[in-house]
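First, the structure itself, so that you have it in front of you.
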Amino acid sequence: MSATELDIQQSYGTLDVEEERQLSESKRQLVLNMGPQHPSTHGVLRVVVTMEGETIVGSDPIIGYLHRGVEKIGETRRYSQFTPWTDRTDYVAAPQNNLGYILAVEKLVGITATERAQYWRVIMAELSRIASHLVWLGTHALDIGALSMSLFCFRERELILDIFEKFCGARLTTNMMEIGGFSRPIPPGLVEMVESFLKIFPEMQQEYVDLLSANPIWLARTRGVGVIEPQAALDYGLTGACLRGSGINYDIRKAQPYLIYDRIDFEVPIGTRGDVYDRYLVRMEEMRQSLRIIRQCLDQVPTDGPLMRHDSNYCIPPHDTVLRTAEDMQRHFVWVVKGFNAPKGEVYVAIEHSKGELGHYIVSDGSAVPYRLRIRTPDFVNLQVLPHMAQGSMLADMVALIGTIDIVLGSVDR
Amino acid sequence: MGLIDNRFEKNVLTTSVDWVFNWARRSSLWWLQFGLACCAIEMIAASMPRYDLSERFGMLYRATPRQADLMIVAGTVTKKMAPVVRTLYEQMADPKWVLSMGSCANVGGPFDTYAVVQGVDQVVPVDCYVPGCPPIPEGLYYGILELQNKVIKFETFAKRYGRDEAERERERDRQVARSAIAGTDAMIVSQSAGFGEPSDNSFPRAS
Amino acid sequence: MSQDPAKKEQNTPEEATATGVESTVVGPKDDPADKPTTDNQRMHVEASPASEISDADEADSAEARAQLAAMSDPSIPVIEPAHDMTGVQIIDPVWVHSGYWGPLDENIHPAVVAIRSAFPGVVKEVTIFRDEVTIHVVAERLAEVALLLRDDDALAYSHVSDLTAVDMLGLRRSPRFDVVVTLYSVKHRKRLRLKAAVEEGQRCPTLTGVYKAAGWLERETYDMFGIIFDGHPDLRRMLLPEDWDEGHPLRKDYPIRGYKQYVQPGYENPAPRIREPRRP
């Protein structure tokens, strides 16, 4: 039969390589659906992969399976009420989401928190950065095949979740930041818990490094895989470890410092090649730098002083005076039931989230409810680079690529 | 199961045998690894060293619904995801149970919006509801223990309706299966070869 | 928390409040005003609730507070409020003088100057709020403006942070939407916001030729608002199912609960709902 009319159904054996090359594209390519329910996609991500043999020639991530309408909810809730929904966008690092939103509201109304509260905000944010990186490392290594890594990482994460539980009562969806600081005092024993975590964690991290960093299997599966060139990284709007792994130095904590990051001495790790291994190294080093930041914060934090600024219309009055004085009780009632009217205008505040740049854009029309609340999540923009990275790689690398972008579907879909 | 099924009158031995099967079912519930949102992280934490759901309860997670008997719906079910949940539920083999974890799966949670199904029980029948947002791993334990109490009471058809009714049901299923393959050119097994009448205690039995 | 530790520690209200337990017995010696606690230094003078003081009394009330402070115990610190209880806010300088968005004067801001010189008539307005600079441009020229901002060495806005839209239905009659682009310059560490007003049904030029990141951001904007971007390679719905026919959710006239409830085909008896039927 002629080569151009090779009909697969007629042939009962395998095809020669020459015959296969002469097949039309539609018969040669296979479209595979890595569906919403998949053990390796981190949540409900669906990737439709077009392959020739084992090589990926095209991929199309389909998201939206967790779209819950959080931005629409933001238009119906008052500023102080909206914080719990920010927890649920990126649920592995909830305090940082709270922080980003609260900073945006504070910029809108023009206040800053007290100094002691700012230090504690940084401590909580850095702890949640470590927690987020632990989830990333555990699931990333689990997908690639190092099954025991997930057990180790979640064991350390439990220590951090204990700290959160002592501080605010919840492990995962913390809802801890408030406009102007913190409304409840620091519980006794919390500083000791954080100190003991700082003592324990470096050895544990050394265990991960021993398991993975020089492991030939790990190197073979991550070196040279998923390379993003620096110019492509900027073009695709990547932020966070994806951008820094490609060699571009952009960390909002250094470039446009917020809270008290300008008083803290830390380094920003930058990669060289932009592959999965470099991003892994960048995130491991970020965990160590977070420990350094927490150490300095604990040394510098004022041990007494207010946690909440209480001379402003926009902040919740302190707990003890609400229960004792009439004026503060009235203020509390009005603040909770009616809310405050924010000034008219629009703000955009970006913080360095563990996954990249988390930005909140609030448009206010002068009422107690935001007019438009936009959450610019890092994963949503970072995920766009997946087809670019997957082009030409093998199907088995697809799980490594999805893992290295570090996505959380609640944050992608909101 | 077919070996001793319906060989005895409805007596204590059959009931105890049922109990043995149900005990086996509840002690090794294999759950479908199906996490949607925040509750999935707590579900994963429940199977990690501190809480250790898998090893202590005999629960193993399987990635494919064909091998699972428990589906823990952990997280928000959106309108885009609901048909997928239903498909997974239908792919699971009987007996199967569904545990709805977290307030999003119970009633839609804090998301009463255009894109969210208000509760997974609008999509699949649910056996146990675990409240929380997210429920801490011990909360998930409580739900699973309650579900195990439900599993141990799971009855076979024969025990509930009597042996004759069980046989009639079985004959109806066989007729349906036969008519489904009647038009194709697959081999039809002869109706009398090896398939005894209900009162025939021949060995082995096809059920 | 039990009340017993509190009763034992009545003499040290600092510890009592540090454990978060409120001491319920307050005697003449235990007046909290005498002992400032560690965690919550309380304001000594209390002004009237916000709604009752008018703007004109601002100077008077500060004076009144100073007088009150002078009359009372000098050992208690008087906290000078940075924010008046009237709600007239004094903005913390951190949010105004950070310099993260460039100079707060439209005549010297390099981006504004460059756009005005390269494309006369394209800049409609420049608004400045807190430390942010927003340039309102004509929608048709958005892509050219972005290209200039990206390629000019002195500006080098190489990164698009965010691309979204705002439905201005409650704020102005027309045009209906504002497409908002937030840019960032990695080299110079400056942010900038561009806004383009787009009428309903009007197409906005796409920025995918300038920044690849705009691909998904514009898809999401189309999904949520219905704004069609001219020249986008792959404009289809992203966060909602691709065959969603109920409209564009983030518009102001779209009810938060949506229009239709989900009915699972093939499942005749879903669990009944106790509450009343859904109202948009």
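Which chain is which? They are A, B and C, in the order written, and residues in each are numbered from 1.
The working rule: a residue touches a chain if its C-beta (ideal position, glycine included) is under 8 Å from a C-beta of that chain, and two chains touch if they have at least 3 such contacts.
Remember, it's a predicted structure, so these values are computed and weren't measured experimentally.
K.L.:
Between A-C and A-B, flag the pair that has more C-beta pairs in contact.
P.N.:
A-C
K.L.:
Please name the chain that ends up farthest from chain C once chain centres are defined by their CA atoms averaged.
P.N.:
Relative to chain C, the chain with the farthest C-alpha centre is B.
K.L.:
Can you work out the whole-Å distance between the CA centroids of chain B and chain C?
P.N.:
So the centroids are 47 Å from each other.
K.L.:
If you average the CA atoms of chain A and of chain C, how far apart do the two points sit, in angstrom?
P.N.:
Result: the chain centres lie 20 Å from each other.
K.L.:
Which whole number of Å gives the spacing of the CA centres of chain A and chain B?
P.N.:
35
K.L.:
Of all residues in chain C, which are in touch with two or more distinct other chains?
P.N.:
239-241, 249, 254, 256 - these are the residues of chain C that touch more than one other chain.
K.L.:
Counting only residues that touch at least two other chains, what does the list for chain A look like?
P.N.:
64, 67, 69, 72-73
K.L.:
Any chance you could list the residues of chain B touching two or more other chains?
P.N.:
Counting only residues that touch two or more other chains, chain B contributes 80, 113-115.
K.L.:
Hey, which residues of chain B end up touching chain C in the complex?
P.N.:
Those residues of chain B that touch chain C are 79-80, 82-83, 86, 112-115, 117-119, 121-126.
K.L.:
Going by the contact rule set out above, which residues of chain C touch chain A in the complex?
P.N.:
Going by the criterion above, the answer is residues 17-20, 22, 26, 32, 37-43, 46-50, 79, 81-83, 85, 87, 89-92, 94-95, 98, 100, 129-130, 132, 134, 158-162, 164, 166-167, 170-171, 180, 182, 186, 189, 191, 193, 211-217, 220, 224, 237-241, 249-250, 254, 256.
K.L.:
Looking at the complex, which residues from chain C come into contact with chain B?
P.N.:
Chain C reaches chain B through residues 239-241, 246, 249, 254-259, 261-264, 266-267, 270-271, 273.
K.L.:
Taking the complex as given, what residues does chain B use to touch chain A?
P.N.:
Within the complex, chain B contacts chain A at residues 33-38, 40-42, 44-45, 48-50, 63, 65, 75-76, 78, 80-81, 84, 88, 110-111, 113-116, 133-134, 136.
K.L.:
Help me check something: in the complex, which residues belonging to chain A touch chain B?
P.N.:
For this pair, the touching residues of chain A are 35-39, 43-44, 64-70, 72-73, 84-85, 87-88, 91-92, 135, 150-151, 154-155, 157-158, 161, 171-173, 409-410.
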